[in-house]
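Both complexes below contain chain A, partnered by chain B and then by chain C.
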Partner chain A sequence: MTAPEKRLPGSVAELPNSAPRYVGRPIDRVEDPALLTGRTQFIDDVVLPRMLHCAILRSPHAHARIASIDTREAEKLPGVVAVVTGEDAKRWSNPVMTVPPGWGTHCLATEKARFVGEPVAAVAAASRYVAEDALELIAVEYEPLPAVADARKALELGSPLVFEENGDNVMLRKLFTWGDIDGAFAGAVHVVQREFRWNRLGANPLETFGVVSQWDELAGTLTCRGSFQAQHHFAMARAMVFNLPLNRVRFISHPHGGSFGGKGGARGTDITALLSRKAGGRPVKWIEDRMEYLAGGASQAWDRHYDAALALDAGGKVLGFRVRLLDDLGATAEGWGAVSAAKPLTSFTGCYAIAAAQYDLTIVATNKLPGSPYRGMGPPPHNWVLEQLMDLAARELALDPAEIRRRNFIAPDAFPYTIASGNEYDSGDYAAALDAALAMGDYPALRAEQARLRAEGRYLGIGLVNTIEPGVFDWNAYAIVGQPGTGVPEGATVGIDLFGKLTIKVGFALEGQGQYTVAAQVLADWFTVDIADVRVIALDTLSAPPHFGPGGSRLGVALTGAVLGAAQRLTEKLVAVAAGLFRTPPEHVELRDGRIGVKGRPEASMPFQEVAQTMLARSDLLPPGVDPNPEATYVWTAPGRTPADDQGRAKSYLTAANACHLVLVEIDVETAQVHIKKYWIADDCGTRLNPANVEGQTQGGVAQGVGAALLEEAVYDEDGQLRTSTFMDYLLPTIYEVPMTEKRALCTPSPFTPLGAKGCGEGAMHTTPGAILCAINDALVPLGLELREVPASPQRLWTLLRQAKR
Partner chain B sequence: MTKEPNDVTITRRISMTVNGERHEADVEPRTTLVDFLRGTLGLTGTHVGCEHGVCGACTVLWNGKAVRSCIMLAVQADGAELKTVEGLADGATLHPIQQAFLEKHGLQCGFCTPGFMLSIYELLGRTSAPTEEEILDTLGGHLCRCTGYQSIVEAAHLAVEKMRTR
Partner chain C sequence: MKPPVFDYATPASLAEATDLLVRHAGDAKVLSGGQSLVPLLNMRLARPALLVDLARIADLDGVRADADGVAIGAMTRQRTVELSSEVRARHPLLHAGLQLIAHPQNRNQGTVGGSLAHADPAAELPALALALDATFDAVGPGGTRRIAAADFFLTYLTTALEAAEILTAVRFPMLPARTGWSIQEVARRHGDFALAGVVAIVGLAPAGAIASARLVLFGVGATPIRAAAAEALLVGGPADAASFGRAGARAAGDLEEPLTDVHASADYRRDLARVLVGRALAEAATRARGA
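Let's turn to the complex of A and B:
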């Protein structure tokens, strides 16, 4: 039996280093020099011998039977090597797995196309130019079918069916009830209820998805290089699609130009694999173009119709929170499907102590692009609803928005705290964040300014919103919607080479969050070396220890755990060797400030590098029975997780970061434009491993939140035609729209994580949309108007303002 | 297939100077400048974000002017002097603009960054003391999905400072 594993350091003070130089400081990023000089190898930079280029023909119809496809002319075009259609997909692959099951298709449309942009055929040719030429030579005969593009119509009897065999368009219907919700509403003195509409939008990383696939018929292997956010998950899904053992599928992730959950690429990967197989094993590259991404990629999430209500007592205490959600997932459930709508279970009641809650969830299929994950996964629209209801309740009770929140916060001494929907929050002080934001913005002065300008006919609004960022994602939150498992492993291997330098090997590629820097900071402080002595290397799926990669505000915490665990195991090996060299029992030997030596006897010590060198090159000196490999691996997974009960209750996400945003907006009633004038953020994500990284995540989240609140919308007409197929129609926020924010960091360390850090990668996306909508509605109060839909575009606001004038 | 006189696949010979190095090649007239730089010359530091001239990721300097290489043809650069991100650093020494981005965490994924830096390079070639508005107008033509722009603004200001004291 091996001895129980040592506990990982819960704070920076527990590191074997008297003066840590890196953890907790805004260190320059180790990944930046290569990025700044154009030397980082993104997937489109990869060229392999005999590589072909893929172009994909896509359905122009939202719903159409495919009567015939004639590819003969395309095959004759010089330079074309292979053409595939749904027939090839049927012969060589399975439909993708979905959540819930039974709502997926092959990578290429077979009998019918279900959305505009669905792949119908694909070509591999000598160049992308020739491949695109060939697409024009493919003749597809479509028989258009009536399409349904509206979630409510999809529920009506007689609606066109996206999957005829499923009988209706309902992918999932589930009623979650936590506590005495009927009693809460029956006993309420005040009830506020509204309908809310969150329109489709999505990730849009600056780099679209790309892949190079190679099918080796002889070896029975599939090798894919690409911009995979979670390479192992991708490999696993491909093994199922192609009936391959997992060890015959090798995924090599390249650094990628952002993801935010919405990188996608499963269909493109499968299509290039089929093409490579048909092309006799030649590698096939596909780089999604922006129009493909917008129409057929992972560009859309959160198409939601809400009806929600709060029940309150006379003093403004929230007794119950009821949410009915109609979630339009589009044509299939291939992009993590119902997981998005289930994630609010991790933080359903936000920062508040609310005993009873209910979630009446219906997910429907329509003839639109399948929904994909996007930063925050599911809670951003949910928080946006809850926080607007809190403002409405404040108005109903004539309380200040700050005051009603204060009356409902989970108290700082109540942690760890189990919320009604079952998750446990680790720690927090929500009133402290609220107070910090109010102080930063001088809240009383803001209100006075608002009143003064109102008298001049100007419409300023103040938004004040608190949210939880559930961090360290865990599968168990999704068991209730058909995604099995508990725990998400993240591994790291730490080694010392013969020249005394350190390497960390991980199973994920660079994506932008600065994770390699964080890993290097942690290890440099563990061994007390210069950060330049640490190198971080990404391994492929078959070489790396078990891993998941970035996702669900998880990697900073998980990676810290993996690196510390591996460093600790490696140190134990070094200690065993040094104990032999010093002829002392190992329990008397320790690592301290980069030296391994006898406790309390600084003269009896040596640099840790020399111990490693002894292991590698002086077997004549090695004590008997020691492991001579100065390398160790550790796989971290969140401790104490529990399986979900029949109402989805589980200890799921390990950390609960919190933030309070305060924003001042002005609505120009002539142009119906919203101007963000000032923005303050108080944010508590526990220990900040690299504060500059955290600030970047926060500010990036603000920008995406501004996009969601004011600009971004994937618009379909009633026939399911996409109207926003370029960046001229789908508006990303620019520097003119995104406010420069003032930020303050608070710190309630997590008692459960290595070094006390909390997940912070989803940044402000949880908070900003709610803050801006609360501010807009605050500005509209004197006009007697409300806007409960995003984006709050000038067109939408102008229509509202005009209605008021009539 | 016989080729028509206006067939876009009939190649033309072009020459240009990129980062001080002269190149000559036969290209199809339909080849975009960015595909030529990346595919033919192997200068993959210039990135393609939208292929319709909105995002600015593919920005390069064409005779000193910032242009979007995804909506220009390679033949339009015949005889031109170009600068790409690979031409910014001096050996192992980062250009002050690159150094400013590094120090201010002005990038996350780094995909859009070459475009931003080349537009700032163009601006600082015109004036050593740009106004706040000039800086905003320069950055306003670029999309970044990671940073929320705040650290990019700070990097731009630091770059001005570094260039001035260089």
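Let's turn to the complex of A and C:
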């Protein structure tokens, strides 16, 4: 029998260290020297013996039957080793599993192509140049079919069907009701209802996806090196696609240049695996180029039509919140984009105590790129709708936007608080964040300046938005779209070597967020060593402990739990050995400030490294029966998670960080340009394990939020042709468009997590689009205009402004 | 995004370069800075059999400013001109215009001649050339010739240069005395091609009336466009907001259908042109008063 597991430290003060040097400090990242000197090995740096290069032929049609494919001329081109088409995919693989189920295809189009950019054939050749030359020699005979590129038209009778066998284009339709929503609206004094349109946009990591696949026919194994965000998840899916036992699939994730949910790459991985098989087991590399990424990668998300309403009483208290969402997921459900329609359940009613809510959700298929995850995973549009309605309600009730929010906040003494849609918020003080932001920006002075300049014919707008950032994702949050499972494991192995140095082994690759630094900080403070004595290394799917990796603002918390759990287990081993050496019962022995010793007897202690050295090199001194391995593994999973009920209600995301954004914009009403003049953020994500990391996450989220609010849009014409196929037309924000925000940190620790930290990777993205649009609409109030479409492009704004002139 | 096969030549002289262009008539492309051509190659939208790189030809690089104007070798990097203290001091309009071209990384690589010969209608340098009555020196199989800016830009991405002709230098005249200038544009982001832009040069009579006006619009047609009728409206009239507004309306109204794309409709571009003309004239007139 083993003793019950010790509780993990809930705060920094509980660490066995009188003076922690690292946790909670903005220390330099251990990842950066290699990154900044160009020595980090990314996937395109990988060269394997006899490696071939893949290029992919893609459908130029949004919807077309494939009558024939002739690859003979391509195969004759010198340097070409293998060519694959949908026939090979059918012979050697299965259609990919999807959420919702039944809306997936093979990695290469078989009978028909369903979107522009869908892979149709692929070549493995001696170089990428030759492979692209060979693509021009492949003759594909297409029979174009009518395409549907508009979600509303996809619902009409007689619409072209993306999957004929499914009977219509509805991937999912369900009504979720939480509380007495009809009563709330029937009893309301004010109802504010509007339609909103969020246009497609998505993740754009600096590095696109890349993979090198190797199929070993004899051993029956598939080995893939690549820029995988979640390598184990990827390996599981490939095992199913290729009918391989999971232990015959080995995934090795390489450091990669960001993901934001946009790494994708499933089709490229499967295509290179097929090519490697056909090429007799030679490794095949595919590096997705930017045009492939924009047309056929994981680059698009959140194509949404909203109709939403708030019911309020006479005092501005929100009684009910109704959302009807028509979500256009594109041609298939392969990209996990449907999850983004589910995640809003984790924080449906935002920072507010709203007793009743309703979600009327329809997900449809169209002939556009399948939707993928993107940082935030759905709440950014949802929050924008909710916060815009709060502003509209404030105007109707003649309340200040700050005041209406204050009247509806969940009270600081109400935590843990279960929201209408079922999730539980751990802790928070929302009015404190609001007050902090208002103070930073000197809100009364901003309003006075706005009034003064309006008299001069200038249009300034102030946006003020409070949001929740659900952190530490759980599969149960996505049950409504068909995702199975509760609990997401994250493991770490911590070991001490013979020379007394520490290693942390994890199952995820460097991605940019600084998690290796966090792991090293936590362990260095646990054992009271210099952080340089800790090394973090990534293992592949077959050697790492159970893991998921980064996603859903989980890894900072989950990894902290895994490292602390492993360190605690390792310490118990050291204690058992030291107890024997000191001839004292183990319960009298402890780790404190880097020494293992007898409690209350400082002279009876030794450095923890010496205990490990004894375990490895002095078996003659070891007490009988002890484990001589100074290494321990711990797999952390969020405690207390519950499966979803029939209305999708679950304890899902473990933490609820919150933030208040205050932004000042000016609209040039002649040219329809929006200028962000100032931006303030008060942010509470509990304990900040590394405040510099948090600030980077926040500022980066603001950048993507500015892109969403003003610039980024994947535009399709009515025939499903992509009109934004390069970065000339798909506009990312640059340093010139993104304001450096003024930030203030608040701290309400989480009572549920190790060290009290909360997920903090997505909060700014959750908040920024809503804040900027609220500011734009605040500026438009004197003109009697409302902009309810994102992005607020100058063309849209100009069209609206012109209406006012008429 | 890999180019198809092409040959690559680095001639050491203009004679050698024109000879190559003659021998590969119609199937060769001149490479100067590569900021437009290289992406076109990688996207396989351009597929020349031969690239003739001008990088090794002597004497195509350099900036020289004198009392009459600024002479710039065709292979001079845009950034070199932008950072030239002589240009900054003696030709502030040219200096300001160069700063609006894309980003420093592009200007480090992009050449003045490359941009002019590429003739993107939304680019700044062609508009500046037209507004300033620049002259272009070209070398071809038949010898050298000088082309006036008014004759240089024919239509979208098309100039008066013959297939085997190479632009060697451009000369931007100085602004006349008692004139003020302005270059203004609206782009989606800093450094993007303009949705609409305008170069304005205004000369004032001693009494304050408008003595001369030059207006060139860019990003709103197949070439940079001189708004001659709007200029005529201005000359002799007062330098005031009403005149500038009328000129803007006229310049915008005279445009043929501007481009519609994902960023801006023709109507929006036209309206931007109207607003920007008014603003540029006001700024130019203010500068003229201080000149």
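Worth a mention:
As a convention for this text, the second predicted complex is superposed on the first by the 804 of 806 C-alpha atoms of A that agree within 3 Å, B and C clash if a C-alpha of one lies under 4 Å from a C-alpha of the other, contacts with A are read in each partner's own complex, and residues count from 1 in each chain.
As a convention for this text, a contact is a pair of C-beta atoms (placed from the backbone, for glycine too) under 8 Å apart; a residue touches a chain by one contact, two chains touch by 3 or more.
The shown structure was predicted, so the numbers you read here are calculated from the model rather than taken from an experiment.
Contact with neither chain B nor chain C is seen for A:E762 once the two complexes are overlaid on the shared chain. Within the superposed three-chain model, A:F260 lies in touch with chain B and out of touch with chain C [touch as defined at top]. By the touch criterion defined above, A:S793 reaches chain C but does not reach chain B. Within the superposed three-chain model, A:D391 lies out of touch with both chain B and chain C [touch as defined at top].
In the superposed pair of complexes, A:D28 makes contact with chain B only, with no contact to chain C. Looking at the shared chain after the overlay, A:Y736 reaches both chain B and chain C.
In the superposed model, A:Q513 makes contact with chain B only, not with chain C.
After overlaying the two complexes on the shared chain, residue contacts for A:Q673 are found with chain C alone; chain B is out of touch. In the superposition on chain A, A:E132 makes contact with chain C only, while chain B stays out of contact range. Across the superposed pair, chain B and chain C both touch chain A at residues 129, 289-291, 726, 728, 734, 736. On the chain B side of its complex with chain A, the touching residues are 1, 28, 30-31, 38, 43-52, 54-55, 57, 84-86, 88-89, 94, 98, 101-103, 105, 107-114, 117, 136, 139-140, 142-153. Against chain B, in their complex, chain A makes its touches with residues 26, 28-29, 31-33, 35-42, 44-45, 78, 129, 203-208, 255-258, 260, 287, 289-291, 510-514, 692-693, 695-696, 698-704, 726-728, 732, 734-736, 738, 740-741. On chain C, the positions that touch chain A within their shared complex are 1-5, 43-44, 186, 188-193, 195, 261-265, 268, 271-272, 275-276. By the touch criterion given at the top, residues 55, 128-129, 132-133, 136, 289-291, 670-673, 711, 713, 715, 723-724, 726, 728-729, 731, 733-734, 736-737, 793-795, 798-799, 802 of chain A touch chain C in their complex.
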